[in-house]
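These are the structures in question, set out in turn.
Note that subunit A is present in both complexes that follow, paired respectively with subunit B and with subunit C.
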Partner chain A sequence: MPTPERYGYATARIRAMERRFVDQGVLQRMLDAEDLSSALKVLGETAYAPWLAEMKNERDFDRPISSEMFHCYEEVRQFVPDPEMGQLLRITYDFHNIKVILKSMLRHRRGQSRRWDLLTNLASRETDDLLAAMESEDYRLLPYGLSGVMEECLSVWEQTQDIVEVEKRLDAQLFRALGELAKATAFPGVLRWFRARVDAENIRNLLRLRRAGEEGVKISEFLHEGGNVSLERLVDLGSEPVESWSRVLHYADVAPYLAEMGEQGSSEAMLVMLEKALDDYISGMLAPFSYTPFAPENVLRFLWSKEIETKNVRIVLVSKTSGLDRDMVRKVLRRV
Partner chain B sequence: MAKKIAPTRGNLLRVLRALHLARKGHDLLEQKRQVLMMELMRHIDRARDIQKDMAEIFAAAYRALQHANVSVGIDTVQEISRAVPESDEFIVRLRSVMGVDIPEVDPIPEACPPGYSFQGTSGAVDRAFLAFHRVRVLVARLAEVETSVYRLAVQIRKTHRRVNALEKVVIPQYGAAAVAIGAVLEEGDREDFARMKISKEAGKKGLGREVP
Partner chain C sequence: MEQITGTMLAVLGAALAAGWSASGSAIGIGIAGESGAGVMTEDPGKFGLVLLLQALPGTQGIYGLLTAFFAIMKVGLLGGEPVAVSLWQGLGILFACLPVAIGEYTSGIAQGKTSAASIQMIAKRPEEMGKAIIMPAMVETYAVLSLLMSIILLNSIKI
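Coming up: the complex of A and B.
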């Protein structure tokens, strides 16, 4: 049974690492920069500076962002007492890699090219190991309970040729594996984070499915178990007007964030604001742990904040390449 | 240069028949041209509307794509795009208008289920996906209209050329030939008539001399 006391050193290291966060002022300066090169110059004053030299050209800014994230994950992995804590956020990258490999294999069968360049090194498992397991069709070597799911996925693909059905099964397994990892840590804050994450994902999916005109059974196929809000309640919520969601879910922690969303005019603005609000909800849920000196959840809070920070940096840099309106971009920036 | 036709009654009848046929053909081609022109104008109006929509819908789609890039990153958008199945739902039927095959693309449903899973994607990606689906619907309509306009225009040009050829060359030629043959035949008739008259007169005079 892990004990929070072991996290004294880790928390201290994290406090030091938090000082390297890109703060709102820097983001603002990047946003106000004239062009992409000026924004990158501002980014060069931050912890991202060592990685900027890796860029092949100005538009290759995903590389330093990934490198900084990878550096953080690796550093945290070295001092965190429970490896599961580091894996909680990296597992999504493992599943991303699995999807890329699987789609590449399916494309290759149709005579199309493989896209290994879309693989990420942020995953907790070596990409080569995943690749070897997939190419040798020895699915027992796959982590996170993917061995059984992969065979099911391939069988579904053979029958339907529908990649969405395949991805749905992988997403369901991702949340099952994430739940198991959270349970393995046995820290209440981590379990709360997992439940909040599931709720956020479910509510986001619900609104997106509603906009796509889906109903009932179809909606339930995209929802995941393990959140604070039951699946039945979520499916019922699908027929309610969005403005009343916060009232229906008044008992859940997410309700105040949904109330903000109800004030938006169009459904498009509503969805954009909902995604931001749900990220803020999870950040807000983790924020109180910063006042508990040795809370293991601080590791999770730091890594989550780092993910949000890289998201913000990416949003600003992509907006610079596309020449998007600053006010629009300012609205979608997340709170770190 | 007009072909020399022997001025016979047989040829005159043949030329008159050809002239009649050419005039009938001219009328029919003229009608065909008018019908094709009406069809063309209808398609041009549609094409104008679609091209106007095209600019707006393409701009909206690219704007949505930019937002999707901002929301989840360019690499992720690329990765998602690979999950979207290739479209093979275009059904083209052919309708004949005055012998011109006009393509008609069966309407593509406006609603489109997402071609990717929701984990790791965002509402901005949904918007971009739907916006490009609208582009696909519009491109199908535009292809239908532009192909129709092209085929109609080609056929109208051909018909116009044929009408002109009949109007300016064939009908005048046959007309002239008929007139010429008619004139020659009338001339011949007149000569025959005169010759008969003379011989009749000569016959009358000769009889008078022989009979005392």
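Coming up: the complex of A and C.
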């Protein structure tokens, strides 16, 4: 069983790496910059500088953001004692790639082009290996228990031609695999993070399904087991107005973050603010580990904070391309 | 026979004082060293600060060695003529060495952990070096108290 004592080196190195974070001051300067070009100049003063040269044009800022995140994941992977700690966040990208490959295969059957441009290099498994396993239909080579699920997905697709049904099964497997990874680490904070992650995903799904006009049993099909809030309570929550969710879930840790959302004019604005609230909830759950010097959860906290940082940088740069109101952008920036 | 047993008990006390204290220091320095290596991988310029903090748990080993010298000098095994040590005198020396043996072992490890945490602190806030040294230095107080008690007890044994 993994022990926290082995994290002396890793946690100290992580602490030193935290100095490379883009702080609030830099984000504000980027936000106050006149245009995208000026914002990128400010970004050039940070750890993202080496990757800015990779951009093909000014609007290609996703490339340096991904490169910095990839560099960070690879660096941490090399020194973290338990490989599961690095995979906890990258598994989402593995499943993203699987979905892209599967959808591309299905598109190809209809005579449409494949979308390899949507693949990400942030996944923990080589994209070529996933691609080879999918194209050769040798699903036993797929990781994270996907071998059984993939056959089921293809069978569902043959019967229904409904991609949402396929994605539902893949998402369910993602959270099963994530739960197994969290249990393999055996660190209490990682298990707490997993439960918070399930709650956040369930609440997010709940709002999306409500917007799509779904209710009752249909909603429960998209929810995942293993969170702090029971599935029955979440299904009941579906019939409540969003403004009262924090009151209904008053006993849960997520409640104060939901309360901060306040009332929003439109359902789109509500979804945007909910996304922020749920990200802040998970960041807030991981934050106290920074006061425990050797806690292995600091590795997870660091990687999560880096993910949030890239999200903030992306939000600011997108706002520069689309000319969004600064005050509105400030409201949706996540806490790091 | 009784004199040999008395001398051997005194030697056992000296061995425990030196051995346990050195173990405490080694573990403490090891813990701080792991953190130090982690920080220096990212920022080699902090070598001086890291070395200072890593060296702090080393004092426990020195205190143990000092007590061991006192103990074996007491029975004349280090310079001078060996003296006759009764069973009770030997037992007294053994007991007198225990505060150092236990205190230095425990404080060495505790100081190592605190030094490692301080190394993490200067990794993020190098300007707080003063505070970073004070925290592990607080642990030193109890290492010194253990040494003091062992020396008082050793001096109180008349041979």
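A few remarks follow.
The criterion applied here is as follows: the second predicted complex is superposed on the first by the 329 of 336 C-alpha atoms of A that agree within 3 Å, B and C clash if a C-alpha of one lies under 4 Å from a C-alpha of the other, contacts with A are read in each partner's own complex, and residues count from 1 in each chain.
Just so it is clear, a residue touches a chain if its C-beta (ideal position, glycine included) is under 8 Å from a C-beta of that chain, and two chains touch if they have at least 3 such contacts.
Please read all numbers here as calculations on a predicted model, not as lab measurements.
Room for both subunit B and subunit C is found when the two structures are superposed via subunit A, with no clash between them. Of the two partner chains placed by the overlay, only subunit B lies in contact with A:S319; subunit C stays clear of it.
Subunit A is touched at more residues by one of its partners, and among subunit B and subunit C that partner is B. In the superposition on chain A, A:L154 makes contact with neither subunit B nor subunit C.
Once the two complexes are laid over each other on the shared chain, residue contacts for A:V272 go to subunit B alone; subunit C is not touched. Of the two partner chains, neither subunit B nor subunit C is touched by A:A259. When the shared chain is aligned, subunit B comes close enough to touch A:E201, but subunit C does not. When the shared chain is aligned, no partner comes close enough to touch A:A287: not subunit B, not subunit C. Judged by the touch definition given at the top, the superposed model places A:L141 against neither subunit B nor subunit C. Aligning the two complexes via chain A yields an angle of 170° at the C-alpha centre of subunit A, spanning the centres of subunit B and subunit C, rounded to a multiple of 10.
After superposing both complexes on chain A, the closest C-alpha pair between subunit B and subunit C lies 31 Å apart.
Taken together, the two complexes place no residue of subunit A in contact with both subunit B and subunit C. The touching residues of subunit B, when paired with subunit A in their complex, are 66-67, 69-71, 73-75, 78-79, 82-83, 85, 111, 113-120, 122-124, 126-127. In the complex of the two chains, the subunit A residues touching subunit C come out as 8-19, 79, 293-294.
Of all the residues in subunit A, the ones that touch subunit B in their complex are 62, 92, 95-96, 99-100, 103, 107, 115, 118, 161-164, 167-168, 170-171, 174, 201, 204-205, 207-208, 211-214, 222, 268, 271-272, 274-275, 314-315, 318-319, 322, 324, 329, 332. The residues of subunit C lying in touch with subunit A in their complex are 31, 34-39, 41-43, 113, 116-117, 119-120, 123-124.
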